[in-house]
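Labels run A, B, C and D following the written order; every chain starts at residue 1.
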């Protein structure tokens, strides 16, 4: 597993729990870094996921420009809709890769080493991602 | 209703039915223009829908570039996923506007003036759009 | 096409437009029957769609009872979830068949014979069905 | 957390890994019970989730019977579709509760105490649930 060196996830509940003291001294969990000061970073990103996602997003950017041309050109609405649906599918692939990375790294980190409250906050976050954002 | 001057939709079944003779002489329906030669055009596009969609797509293009930066920067996966979900929602708004325009113009055209076979082909196309592409 | 003998859809906007006079005397459109007094009926239902849907719903009822047993029995959550997803798919099939019937009959009726305002109300209804209910 | 006494999830990959020896003697993970012989059980089910789900499913069963009556009665298609959509929403609520229970118990179990291969199998299972079944 990659070294965990950057970490600042959205643990709203975790933030209330503060610093955690463990037998080996205290360790900061994902939550202790002030969330607003710096944008939160991933615990770890598999390099293959990152490069595949960058490639996908670059292609998506081009597809969106294509959509603009289709609309400007009064193309047949269903043809544009089918193209939109293909962009959405491509974005879904990016999201899936991020979800897998998230499960493998930050979620696992919270579930393995966090307190029960921290694990519970991670479940909340996952439920929100799954049912609100992972379409 | 805007003048119907351009028209070349995906009427696979319609293409087989050929030219339609009416009391006022024959008129070409959406189907008669060879589909592969030229990209198919919308029967009509409401100007307000078109300009709103162009604006939306321009904003979406910027959002996708933002996603690329977030991925390049190893941002916290759920934060990127929430951003993806917002792009998906914006694309859905473009699709909705196109669907409404399509119902109002080309679908109505086919249902009002087409043969039963042409109307049936339009239902097929709508069903495909609704259940496969209109997410 | 089946005879159109019963008809009382949700045309909120249509209700404001009142009775329509045509060359052959006035005819009631779907909208004129008071919506709350009697449950609204379909303009027409293709018999094959009706019997297929009744069969599907009967099977779905049994599947839901199966789900109750699985939950009562503390079955493995993902196994229940996969079963739920199969019920959802079966319900979607019922909805699809209804959507096709609706397009073919009541929507077509409104688009072919209604006033522009009635057609517009039908587009509104379709948009609502497509984007809110046809998942 | 409830006592973990029953456990037989779908760990296709886990089954290959066999029994796990730990400092306290060997313990069976979810995977060791033959999956086909007996239906797999949940690691643990929160009693409140179970009773809420049974209540929901009982209500859903009644709703499905109501759908059968609506179809038998040729009710207005969009009215039936809206009712279907409400049943689907209710099923989704059951699925959500199961997903939360699954994350909290069996997934956590696999991630906390499983081998890396077992954790990976759990991520696969979660990804499949999230993107194929948790609609």
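Keep in mind that, in the parts below, a contact is a pair of C-beta atoms (placed from the backbone, for glycine too) under 8 Å apart; a residue touches a chain by one contact, two chains touch by 3 or more.
Only a predicted model underlies this, so the values are computations on that prediction, with no experimental measurement involved.
For the pair chain A and chain D, the distance between C-alpha centroids works out to 24 Å. Note: centroid distance chain A to chain B, computed from Cα atoms, is 31 Å.
Chain A and chain C, compared by their mean Cα positions, are separated by 38 Å. Each of residues 92, 99, 134 in chain C touches at least two other chains.
Viewed as a contact network, the protein chains form a single closed ring in which every chain touches exactly two others.
Per the contact rule defined earlier, chains pair up in contact as A-B, A-D, B-C, C-D. Residue ranges of chain A in contact with chain B, taken from their complex: 6, 8-10, 39-42, 45, 50, 53-54, 57-58, 60-61, 64-65, 67-68, 71-82, 84-85, 87-88, 91-92, 94-95, 98-99, 101-102, 106, 125, 129, 132-135.
Within the complex formed with chain B, the residues of chain C that make contact are 1, 92, 96, 99-100, 103-104, 107-108, 111-112, 119-120, 123, 126-127, 130-131, 134.
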